[in-house]
Structures are given as structure tokens and as C-alpha cells.
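Chain IDs A, B, C, D and E follow the sequence of writing; residue 1 opens each chain.
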Amino acid sequence: MSYLLKRFGFYLLTAWAAVTINFFVPRMIPGDPVQALITKQRGQMTSESVRSLYVLFGLDKDESLASQYFSYLGQLLRGDLGLSFTFFPTPVAEVIGDGLPWTVGLVGITTVIGFLLGTAAGAVVGWRRGTWADSLIPVTTFVSSIPYFWLGLVAIALLTGPGSFFPASGAYAIGLVPNWDWQFIGSTVQHALLPAFTILVSSVSGWILSMRNMMVTVSSDDYVTVAHAKGLPERRVMLAYAARNALLPNVSGFALALGFIVGGTLLVEIVFSYPGLGLQLFQAVGAKDYPLLQGIFLIITLSVLLANLLADVAYLALDPRTRREG
Amino acid sequence: MRTNPKALTGLVALGFFALMAVVGPWLAPFDPSERSSALLQPPSAEHWFGTTHLGQDIFSQVLAGTRSVVLVGAIAGVVATVLSVLVGVTAGYLSGSAGEGLSALSNVFLVIPALPLIVIITSSLPETSNLTIALVIGLTSWAWNARVLRAQTLSLRRRDYVEAARANGESAWRIILFEIMPNLTAVIASGFVGTVLFAVVSEITLAFIGVSDAGGWNWGTVLYWAQSQQALAQGAWWWFVPAGLAIALLGTALSLVNFGIDEYVNPRLRNRFSMPGVRMRVGFTPVLPQDPKLAQKLETS
Amino acid sequence: MTAEVAPAVSGTVSTEIVLEADGLTKHFPVRAALSREKKAVRAVENVSLRLRRGSVTALVGESGSGKSTVARLLAQLYPLTSGEIRLHGEPVAVQRGWGRGRRFRAYCRRVQMIFQDPFASLNPVHTIRYHLTRALSIHGNRGDDLEKSLADLLSRVHLTPADRYLDRYPHELSGGQRQRVAIARALAASPEVLLADEPVSMLDVSIRLGVLNLLRDLKERLHLSILYITHDIASARYFADETVVMYAGQVVEGGDSETVTQRPAHPYTQLLIESAPDPDRPAVEEKDGGAGEPPSLIDPPAGCRFHPRCPFAMDVCRTELPPRFELGDGHFAACWLYREDAS
Amino acid sequence: TNPGSAGNSAGVLNVGMPNGPQTENNNPFLNSSASSSLGYRRLLFEPLAMVNEVKVTDEPKPWLATKFTWSENFHKLSLTIRDGVTWSDGKPLTAEDVAYTFELLKNNPGLNIEGVPYQDISFSGNEVTVGFPKSQYVNQKKILEQFVVPKHQWSTFSNPSTETLKNPVGSGPYTLKSFTPQAVTLSVRDQYWQELPKVKELRYTSYSDNNAQTNALATGAAEWSFTFIPNYQAAYTSKDPQNHKLWFPPVLGVHGLWFNTKTKPWDDPALRRAANMVVNRDDIFMQGEAGYFYPKVDNITGIPTPAGDAFIAPEFKDKKVTVDVEGAKKALTEAGYSFDGDKLKGKDGQPVTIELTVPTGWSDYVTDLEIIKDNFAKIGIAATVNLQNADSWTKALDTGDFGAAMHWTNNGLTLYDIYQSIMDGALYKPIGEAGVNGNYGRYENPAATKALDEFANAADESVRTAALQELQRIFVQDMPVIITSAANGGGQYSTKNWVGWPSEQDQYAPVQPTLENALDIVLKLRPAS
Amino acid sequence: MKERILEVRGLNVDYGAGPGSVRAVRDVDLTLHRGEVLGLAGESGSGKSTLAYGMTRLLPPPGVVASGEVLYHLQDGTTVDLLRIRDAELRRLRWSEIAIVFQGAINSLNPVQRISTQLVDVIKAHSPKTSPRARQDRARELLELVGIAADRLHSYPHQLSGGMRQRVMIAMALALDPRVVVMDEPTTALDVVVQRQILRTLVDLRERLGFSVVFITHDLSLLVEFSDRIAIMYAGQVVEEAASADLYRSPLHPYSDGLLRSFPALKGEKRELTGIPGSPPDLRSMPAGCAFHPRCPRALDVCGDRVPLLGQSRDGRSVACWLHPVAVG
């Protein structure tokens, strides 16, 4: 229990550090959202707009960095992430609320599937060491070395187009209004297929590899040999003895991966125009939309922290050795 | 490592890329930025990888781009490795609050997502030369290795030979430098290779999304131009494919080297003693066929 | 080396005390779950020892009884919780802060330690030459001719010719050879005291004897005083002049080796000796005694720490810590059975 | 299924913009709102009058205002508001609403994007009068284009600047049917003061970038858009040559290479004029702008044609710039420059060099500069292209820390906006001082400043004509900017389901879905038979 | 003569196959009789574990059985060769006929599963028809058999002390009433006091249940006390085999003699300790002739040339040494 408390303290510290970095980094960015907005519009907006925009965004006031920092912290404690510049005056929380479900849905589910698939495949490959299964490794290594944005682009070029089943962009068919009917869900799944496939292809081999290596290592542990000596069915030896133990080190890796769901697969969202947080982050960077940038970064960091916390708990549950009596 | 074909293949490929990094720009048949009248041509004898919308030679761009990719990978790798060794080994060797503090620092950096941070920092820099990109990547991606090194150092610190050195009166810095560090070589090397891979992919990603300087050539810039000119929509596959494959090859080479290191560190992963007809299996030791001819062959070989 | 005949130890026990420990105590703090109360592993409690010039003192006890901790305390690798260590009657207290390094080195030069596991106590990345050269130069014993000093060292531990071993790596040597290199490294400082923490328990039976004989040889030739830690009480009988028995962090019995092994006084020593394998034992029929497990050192039993397992436990054993009772001839036991008024 | 194919029978028009996911924000005043970004605010809210930017000399078409008259010196505007117009909630649109809209702009500087200085605003009956502190000749378009919002809704908002207007009430022919981050649907109203449009439903899709947008156009999923498509034949028109159309008419705004006129040797007009003579605008148009995007400008005055035809001074009417390397060399030699082999040497004997700055990623500008670099080399000028990130580039221009840079000017109903952006001394800031809005080249010429001032404040047309001609002369003489291309009011559209689009033949409006003319266009569309 | 239960004939076990392989067990013949304790002694690296795992086919990679036979006599009188039967059949025989207790109990128990799970799953695998209740009861019974309170059944391995874990392993080995139990240094990691407790339990159980034991250790004095017969291994070969009392009193092979003289005795006269000079040979470059001759104080000329084979002497003792004429060359 004290272990968890200690971890919790660490998470608080990290959250504070992230919030601070988060506050200062955008402020060191030269340029401001108004210039960025005008530049982005390239002549479609007159230079007279500058003044009105400064007033609009509330950038016309001078405030010291320290007082900004403390009012930022205060705002955060109240759960107020500010107003986005790009989507002014939409609150950042609302903007993030639009993107988050998509990211979590697409990347989250894919990460979980990738982990499950990869771990299962890795367990089999590691168990059947010395057979044809070994030749899978170089193939997956090569495939996973391909940058996934590139893979995505090629997939778009080859598989989408008029008459194709696969849509090239978006999260659901244009014209559909999000609700829980089958048409919408079907369309969502259809749109998620290609991006999900890209993420899967590039992430699965990492899981295969680490699980395989752990399987190979664990397989030569004594208790696995003992399990064989006990005459247990092979399946049981593989699952309950080898895989069960080989899985443990992968859990923390999985937690990190879960945490990186939001931030890690930015490129997939960019390439597939998937309306998630990654795409929003990318656009916020371009538009100098600090409130949005900070909000997204905060969400990403918090989700990594949360995932780590979950991993800690999972570890406690999975590995009795970390549990202490008393 | 000599007997490890995977690592050897990886090293050879890495060597090739390193060589290209040095001589690539001179080998390139054209100035990679130079325009010509051959606009958007598919691969031909003159332009091996075809041309861009401005008639630039893509082969030359890929060749010239190798340098920046390798350079950024190497610098970022070195920076991250040095940092991770400093933080990780010190945190592992020092007990008490100093060690705890350092390990908390690396944990914080571990938790903050690197790629978004890199994107944000890079886009906020006034100038994004290869060096600055490499520094940003290096400075943000040392934490994982530091953690691994710390764990490793913690276990080494308890080893008898370290205790013995202390009992013998060795000073702390000598213990770290000469007793602990040499035993961390494989871990450090593996961390270095991993960081290089991460740095290469990050640099290319940054260039591809247009956050970093698209002036100098690297594979990401090539892809960036291909993307912004919608090469695939125009059917100009040659604009996309070479750079993508180059990345995949470099990545594979780095992964192979890391396999080699893994197998060196963990001998159980090694797959020596392979021979046709005998499948090594845990729990069911193979019994060699009693066919006298085959047995004899095994005997004499 | 050739098979050496090991004569039974007897003869002169010198009286000059080189290293002396008084009331050594070591508690390792442990972080307790959620409670603010500080807990500690009471690994060593009030241990007193004397190491004499040219003699071997054996420290015997089961695993976890605190033998290694005593050795490390004597080597000043751990700070003391309480107690005092005296070298030639001079208290040595290595305090933290400036000057520690130099004073610690000076102490190291006179008191050297050998570790249990020869496979782990040599750095796999360094050659034998490196190990020995470092040991020589740290203590300024390098002499004019390094090669000669190295050869000298190796010949003292019967590793000749020296150049066959100098440029080898530890993994290229057998366990016995490695332990000899470790001893050579300790000798490089020309110490007066050798603390040998189970120097042979990781070695093969057939080569153990060589190392033990070597140590005895060194004792006799260099008049070293040696602390020989072991869990094998039989080897203490053969090898040590004096034997001290530890149980759960405390000294329970001590005295001349022959006396301790042949006429054990403390019930724990008796149990230990009864349990040791003995081919001459007629059959497998002994009295049922000494069941149970060693106690927790975080929450040790009150009184005599052995009382939960002791077949002779009395009421006083449960409440009061037995002091040392002298049994004559330097033989003593910490057990209430030997209280004057008890019998 | 391809949503585009069902378009006609259901009366749907699919519009696309490459602006990424949107948040629900329909505030028409804010450029950050989805309604501005995608352009559908134009169909919800109507302007006072419809100005055709392609033919700026045409009279504005009355819309909500049936009549608009400017007082003599453009200090006062009188408007007569149309009767019978209703808001989508059924309430009538009155002069009070118009006056309220102007009050809103006056009282909320944050909403007054165009920075028009409104002064006294009053209404009575169906008349509205607006007064200004100075002549609004150059701002006519901005004022007449102003859309009108209902007072009964807006007066309930505590802060109109931070209002996201979830339920827009407008007078346009459409109402908001649904909003999702990637698509917005408008459906036609039951009644409207004009004939109801044939397009029953408008679907605005926000694609994440140009690639996705191009893809959608190519497949027909988007039927109307405004985006840059490199090599548009291959990627777009060839997919359906019959129906895939694009038209990018120039408007009165330009792009060009701005010299920092305060750095040596580029402070010398002779050098700038010579440089202008060697820039190959055809290459820039064909390679940089893919043959259509920013139309080529080749009149010596930098005035885009045909949009600005009417304003060109007689003496420059037929003066086109064509690449003339020999002429440039001759002019340079005459001006005291010398050639050392291929290299141009300045009057002080130093080689002439220049650094051309551009943000990374602006592929057409970068390409333009690559071409200009080559062109300059023809007369021995060593140019380098310096790619910076957009922020550094903006900052460099803002503080005058650059050699030359591609940039644009403002655009408007007259040439004033172009020349003011380039030459107005009132905008001048010394090098190193930030905060310039225009005149990035630090151009200083009292005559130009005076001419601009006269043009803006003159009461009389002939004064304006004279001022404009003076400005052209100064520009041609000093050449502070090498103007290469015009800004456009263009777009891509498909005639597969809908016809009646503006085109080269029927130039009734710029075909850009986000301009106010979008309303005009949608009203004119007919199903393709 | 007692009934034979397990016979090893000409067993050769290699590490690795093909070039670069080393032979860790060579030409071993061994017989285990019903109800006896057969001790296997020898210094580290002499191939004791390799032999034990090789004959049960549990040797982990890169071990391979190069040749030989391992005959197991089933209760119904039939004989099977463990090296030739199918995997499924071997799996059936394992534990129900031959159970193994490994060297370190810490590593033999799956750290993440409860003792109960690990005890029960072996019962379940071999007699799937038993009810879960019955299995639990049996597990409880087994723990009590080895002197552990049944309430520790649901503990995890790390919650038990080393001695308790070793007992759990023994309990598990007895779960299916096997006829043979192989024990590879079951007590080396333990204290003498605990070691004796465990061995005593084992001896009791054997008397009650009547299984045979192959007991591996390098501690000869322990073997002499606890086993009926002892086989001494050196460099992969069995060099001497005899009843334990005979061996202790008059070892024939110089190596056996050396081993016996390496253990200091606690009781009685202080015996002379000699130890064995030198170190064991490298399996990759074995000396010609008798593998022990370089270390042998009584080596003859012939020892360096020819390998002595294990031969049986008149009094039923086997030894492989040229000093003893029974050896055949």
C-alpha cells in the first residue's frame, strides 16, 4: 500500500512538472496567435484585423510571467483550461472533448488489439522456437521499421479512391450525425479500418519481439521444466507457466503504450485526417494556440500518468511478489 | 558477436549508411535542389529515382539526405546516451536523496510524452538546423535508458566485485568508471542504438510534418515535398518509395544490431547449436536418431 | 599444488590481539508499510570478538545469522549502529565526511576481506593483472618492479608460473584459482588481518581443501590473523584455532575449536553438530529436537533468541537475555543453563 | 457509397474546405468560428449589398439594403432596408437590426475585424444612417458587405465576442441543420424573400488538409472547394474532365517579392528595376502556382488584370514585363554596376547578393523563390533561398530583418489596398522596430504617402485618378516589390450535379465558397439535367 | 537381488549437436532397484544433473540425448524405453511414475501461482476425473505429510521459507504416488538443521510408501548416511558403484578415495584430509586414457593411454580403474 502511496506522490510531482513545462514552453515560442492566424490566411485577411484580434484574444494586456503562471495554475485547479484561439471562443475543454473520444477509440482499441495479438503471437513464436516461426521475426522487424505515416500514405494511395470500400479520411461518413445507430457505428468502424491497420502493422512486431524474448528467457526457467516434468498438457505449461510469467515485464510496457495512445500516434491522425487529439495538437502547434496546446499536452501527460498508475495496480494484481502482507 | 549473422548484417548495413552519409553528397549526380526541365519524371537512366515537380533529382536528394539523417541520429544518440549514463549511473550508485532525486527526474522525463514535446519545442525554436533538432531529440529522450542503467547499476553496486573494490580502498569515481561502467557497455550500446533509431524516425517525422527546417535535405524533407505536392495523388510513386524504403532499411539495420546486443546480454536468446533435424525443445530433450550412418556423421563432424 | 597433508591444529595460540570488536551492533532500517514507526533488521546484536596474531578464528552459524554482517562491519564497509572496533587497542571509527577516504585506506591496508563467491568477486571485464596491480598501487606496495611484485603475490597463493595467469580473465580460471586470485589481491595490501567470508563454500569439495590449506599456510608464514566465516562447523574444527557460534545476530558460544565441537555447551551448537551429516552415525535414529525455523530479526523473540526452538527452554529464557557464562579454558556460552545457581 | 452521387436527386450540394476538424461555433463575426472557416456564415447571414470582387467596377448589387448612398466625401452612409425580409425564427428584419449590427461592431473592437471606424449610428423607419470620422472611400466594400444579425437574439448575449452562437438566427435562405466536427449541414428554409434556391441541402465538410481535400474533389465527394492542387490536371480535372472545373480569377491584391529597401545595395531603385526585368513570371505561374492558383501579373505597374484594367494609367496600359536579361544588364551598367565574369558588382565593387526568405512548407512560395534565384543568377546576382519556420519569418518581416521575402498585400475594391500595403509612409517603422502592418520593405517616399492620403480622402473622382496614376509612376520608378502574382477569388467545382457556376464566360462572382458571393452563387445553381 | 525398476544403458548426453558439441555424460549404465536410495555423487560439473535430466528427457536446450536406452519397468511387467516413447505417453508417465525434485526449490515453483494451484494442477492433469474437492483434500493431505500446516496451502511461494518450499516440492513429487523420485541436490541451499529435518521426513516417507530414490549431491558424507548404494561420477562417467557402507569403508577408485578424504569429520579422531589436487578436466579437451589420471596420485602408465571401463568385481562392486583388475579395456 505504501508503495502505491509513494507512486502517487511521484505522479503528483510529475504532473506538476509537466504542467510547468507545459506553461513555459509555449511562451517561449516566438510569434503569437494573431500573427499566426493572419499568416495562415495568407492575404485572405486584412492587416487591419491585427488590432481587433489582440483585443479579442485578450492579448493586449501586459502581465508578468509569474502572475500568468499562478493564474494558470489557479485556472487548472478549477478545471478551466481557457479558451482556444483557433476555435475562439470555444473552451479548450470542449475542443478536447471533441477529439478525445476518437483518439481513445481508434488508437486505444488498436493499441489493445496490437498488444493482445502481438503478445499472443510472441508467446507462440517464443514457445515454438527453432521452427519456422523464427523466420517471422526478421519480417516483422522490417515491417515495423517502416514509418507508419508512410505506410498510411501508401495505403491511402493504393486502397482508397472512388468505389473503394476504404475511406481516405475522416472518422465517419460525411453527413452522418454521431449517434448510436448501426449506420453510424458501421461507418465509424469502416473509417477506422485503415488507420487501425497501419498502427497495428507497425506496433504489433514490437510486442511480438519482446514477448518472444521473454518467452525464450522464461522457458528455460526451472519452474517451466518442472511443469513439463509434472506431465502437464503442453497448453497448460505454455499458458499458465511460461506465458503467464513472460507477460509480467510487458505489462509496464503496455502501460506506457497506453499512455502514448494520445500523443504517440499523432501522425496516423494527420495522415488519415482523423479528428482526434493528435491532429488537434498538430494544428494547435501551427496556430500558436497555446491554451489548446497546453490543454492537449496536459491531457496526454495525465493519460500517461493514469496508465502508469493502472500498470502499477495491474502489476500488484499480477505479481504476488510485489504484494506485501501487513 | 562475430558469430552472430543478424548483428553482422545490421552492422554492414549501418556501415553502408554511414559511408553514404560521408560520401553521399559527393556521389549525388545532381545538386539536390537544382531545378531542371524534366518535371515529375518517373525513374529513368538519368534520374534513377525520377524527378520532382521542379525537375530535381530524387536520387540525389535521397543520397544527400543520408548525411543529415545519420548525423542527427548519431548526435542525438550521443547526447541522450551521455545524459542517460550521467543520470542513470549516478542515480544508481548514489544512495539517499541525491539518487532518489535523479531517478525522479528521469521518471518525469519518461512520463512526459517525447514526440509531442519534441514537436512543440522544435516548432518554437527560431532556427531548426540539424544540430538543434538533434539536441532537442537527445535532450528529451534519455530517460528510458537512464532508468535501465539505474536499475542495472543498482544491481551491479551490490555485486561482490564492487564491494571487493571498495573493501580494497578504491575511490568512488574509480569504482563507477572502471568497475561498473565497463559492465554496462552492452546496456549502454543497446540504449544508444535504440535512441538513434528513435532520433532518426523523429527527425524524419518532424521534417515530414513540416515542423523542422525543410531547407536541408533529409529523407523526411523528400517525403514532405512529395506529400505537399500530393505525389501519390499524381501517381508519382517514385517520389515516395525510395525515402520510405531507406528509412525502413536503416531502421531494420539498427534493430538487427540491437538483436545482436540483446543476444550478447542474454545468452538464452542465442540460437547456437542449431542443426537440421534436431529441434531443441524445453521439456522434451531431443534424442538423436539411432540411424548408424547419421550418428556417425554427427560423431565425426 | 600438490596434495598436502593437513596436520591437526594444535600448538601455540598467540596472545597478541590484533583486531578486537566490542559490542558490535548493526540494525538495518526497513521501510515499514504505512506506519510511521521505524523498524529495523537487528542483524547483529552486541557481538564481541577477538582476532589474535597468527591464529584463525572461525565464525559459525546458520544462514542469516549475521556472519557476513560482522565481517563487513569489521571491514568498515557498513557504519556501526553501536559498539567499537579496536586495531591494536586503538579505536578505529571511520566517520563520514572529509578525511574518510584516507583513513579508510589506511585501515584497509591492515584489514582485508575475502568474499564468499570467487565467481562474483572478480570483475569479469578486467584481467588478473589489473586486479592485482590496482590492489598493489592503492596501498603503495607497488615496489620498484611491478612484474616482480605480481609474480611474488601469485607465488604466495601457489599460482605459478605467474605469467600463465596474469593476463587471463577471471572466467578463464577455475573456482579455486579465482579464490586464490582474490586472496592474492587481499595480500597485496600486506594486511595483518584477513576477513574471509565463507571463502570456500562456493568451491568444489575437492578443491576446498587447497584454499583452506593455503590460508593456514599464510597464517603460519605471515602470522596473519584470520577470521574464517563458515556454516560448516566441521571445517571449523579442522581449520580454526578458536570457534565462535552465532545465532540470530548474537554470539551464543565460543572457545577453543576442539572444545566447542566436541563438547558443545549451547543447545544451538548441539543441534548444529547433531544435524551435520556424519557417515559414522549408526542409523537414522536421533532424538526429535530443534524443529522450527530461525526467528525474524525484525521482531526477535524476547530473552534468549533461541528459546522458541530450544528443548531445554526455561522461563527465564523467555524473558531475559542470557549473558556469557565462562566454562573455563576460554570456553563460554550464552545460555541460562550455565547459570551458577541453575544446576 | 459516394455521397456526391446522390447529390442531385436529393438536392444536396457538397462543399469542402481543407481546414481540419471544427468546433461548434457559428459566430459570424469571428474568423475562428466554423461558420467563417467553412464559409457557411455567408448562407445564414446576408450582406447589405453584394460586391463582385472579380469586377470591382460593377455597381454593388442591392441585397438587404435596397439603396445605399454615400455623402459627398464618404463620411456618411445612408441605407434603405428591404421590406419583407424575415429572420429564420419568423421575426421581421428591420432597420433596427442593421443599426444594432453596426453598434455591435462599434462597441466590440474585437469583432470589428476590418477596423472600420464607426461613429454615429441611427435609424428611423427603414432608413439607417452611419457616420464616420473620415472618408470611407477605400472601405466601401467592407461596409456594404457587412452582414446583419438579429438584435432580438444578440442583445441577449452578455459578451458577443465570446459567443459561440449554437442557434444561429439569420436572414439567409438556409438554417443550420446539424453540426459535427467534420461536417455541417444546412437545409433550405420554407420561405425566403427571394426565390428559394434549388439546392435543398448544403453539406460542408472540413477535410484535414489539402491532400484530403484534393482527394475528395477528385472522387466527387466534394463538389465545391478552395484549395491548392499542385499539378491539378493529373490530380483533379483528369478524373472527370467533363465536370471537374476550376476558375481562379484575380482580385485586387497581389503577391510578390518584397525588397528590404533599407539594405545596401538594394536601396537602389535601378538595381530593383533591373531585377524585376529578369523575373520569369511564366515559370512562377506554371511551376510555382501550378498554372492557375495565383494568376500571373505582368503589367509593369503590378496591377492584376483584368480585375484592375480600369485603373491602369494610360502610359502603362500596354507595358508588360518580359524577361529581358540584356536590357537589365545594360541598365545596370548604365547605373554604375559592373560585371566580373558572371558576377554582378555593385557601385562599391562588392558582389551583389541577396537572401530570399520564406517559411518552410509554403511550397508555392518556395518554388517561386527557387525560380527567382535562378533568374537573378542570369544577371550575376547570387541569391540564396533561406527557409525559416513561419514564426521566424513573420518576425523577420515584422522587424525588417531580411533581404527580400515573398509576401502578399491587402486586397480591396480599389488599388489603394495594394499600394498602401507597399508604399504607405504612415505604416513605416525603422528596421528593428516591430509592429508593422504592411510596408514590410521599409519603403519611404513622402510623395507616395501623400498620394495615398489624397486618394483615400478625396471628395472627387479626378483627384483620386490623379493620385492613383502618381502612385503607379512611383511604383514603376522605385519598384519596391517585384509583383509576381495576383490574389484570387477562386475555387474548384463540379458541374456533374449542379450548373450555373461563375466562370470565365460568366464572371458574376469569385467562385470561392468562403466569400460573401457564395450566397449569390448558391442561389444561381440549377440541377444538371 | 531386488526387482529392477529403472535401467540406464549406454547413455550419452551432449550439449549441442554436431560440431562444437560437448559430451557431458558418456556411456553411463545404472540400475535402480525397487525401494532403494541410489546416491549419485561427484564434484561440480561431473554430469550428475545432466544424467538425471537426460534420462528423463527434461534437459533444457542445448542438451540432446545422443544415444542409449532408459528402460522403465512398469508395474504390469511391461518395459518401456523412455527415450523412444511418444510425447503423450511420456507425459503420462511423468510424475505418476517418475517425479523429480529440482535443485533449487525457489526456482522450481512458479512465483506467481499459489501453492495450491501448483499442487492441484498436477493431480488434475493425470486424473482429470477427480472432483475439485477431492484434489484440494489431497493437496492438504500432502502438505501435512511433509509437515506443513494445511493452512499454508493458499500461500505464494515467496511467502514460504526455503525449507518450506523444498518440502512443498517433495509433497508435490509424492502427489501421484510415483515409484521413482529423482532428487537433484534437494538440500544444498539449506542449512544443516533444516537439511536434516527434510531428509528425515523423506526417509520416513520412503519407508511408508516404498518408492525408490535417485539422490544427487556432492556431499558424500550425506550420501553415505542416507543412501543404500552410491555411484560416483567423474567427468561424465560413472567411475565407481557400490553399497554405501562398502564405499565408505574401502573406496576402490582413487577419486572416490579423494572425495572421502575431502570431508572433515566432526566426530571422533581427526582424520587426515588430503583432498584432490588439480581441477576437473575440460569436457572439450578430455585427457587421453582415464579422465582422472592427470589428478591421480596412483596413476599407472596405462592410465594415460587407455580408458578403463566399468567392470564388476567379485564382491558385486563396480569400478573403472586400472588399479583394479576387473576393469576391462
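A few notes on this one:
We take it that a contact is a pair of C-beta atoms (placed from the backbone, for glycine too) under 8 Å apart; a residue touches a chain by one contact, two chains touch by 3 or more.
Quick caveat: nothing in here was measured; it's all calculated off a predicted structure.
Chains that touch both subunit B and subunit D are the following: A.
The interface with the greater number of C-beta contacts, when B-C is set against A-B, is A-B.
If each chain is reduced to the centroid of its CA atoms, subunit B and subunit E end up 48 Å from each other. Put simply, the C-alpha centre of subunit D and that of subunit E have 92 angstrom between them.
Centroids built from CA atoms put subunit D at 39 Å from subunit A. The distance from the centre of subunit A to the centre of subunit C, each centre being the mean of the chain's C-alpha atoms, comes to 56 Å. Those residues of subunit D in touch with two or more other chains are numbered 215, 218, 391-392, 395. Residue positions 53, 58, 60-61, 90 of subunit E each touch two or more of the other chains. Shown for subunit A are the residues that touch two or more other chains, namely 29-30, 130, 156, 220, 225, 227-229, 270, 286. By the touch criterion stated above, subunit C contacts subunit E in their complex at residues 1-6, 8, 62-63, 174, 176-177, 204-210, 213, 231-235, 237-239, 261, 271-281, 284, 290-291, 293.
Residue ranges of subunit D in contact with subunit B, taken from their complex: 210-211, 214-215, 218, 229-231, 234-235, 287, 360-361, 363, 366-367, 370-371, 374, 385-389, 391-392, 395. Those residues of subunit C whose C-beta lies close enough to touch subunit B in the complex are 75, 77, 101, 104-105, 108-109, 112-113, 115-117, 120-126, 134-135, 138-139, 182, 185-186, 189.
Every residue of subunit E that touches subunit A in the complex is listed here, in rising order: 53, 56, 58, 60-61, 90-96, 99-100, 102-104, 107-114, 121-122, 125-126, 156, 158-159, 172. Within the complex formed with subunit E, the residues of subunit B that make contact are 272-273, 275, 278, 280-288, 290, 295, 298, 301.
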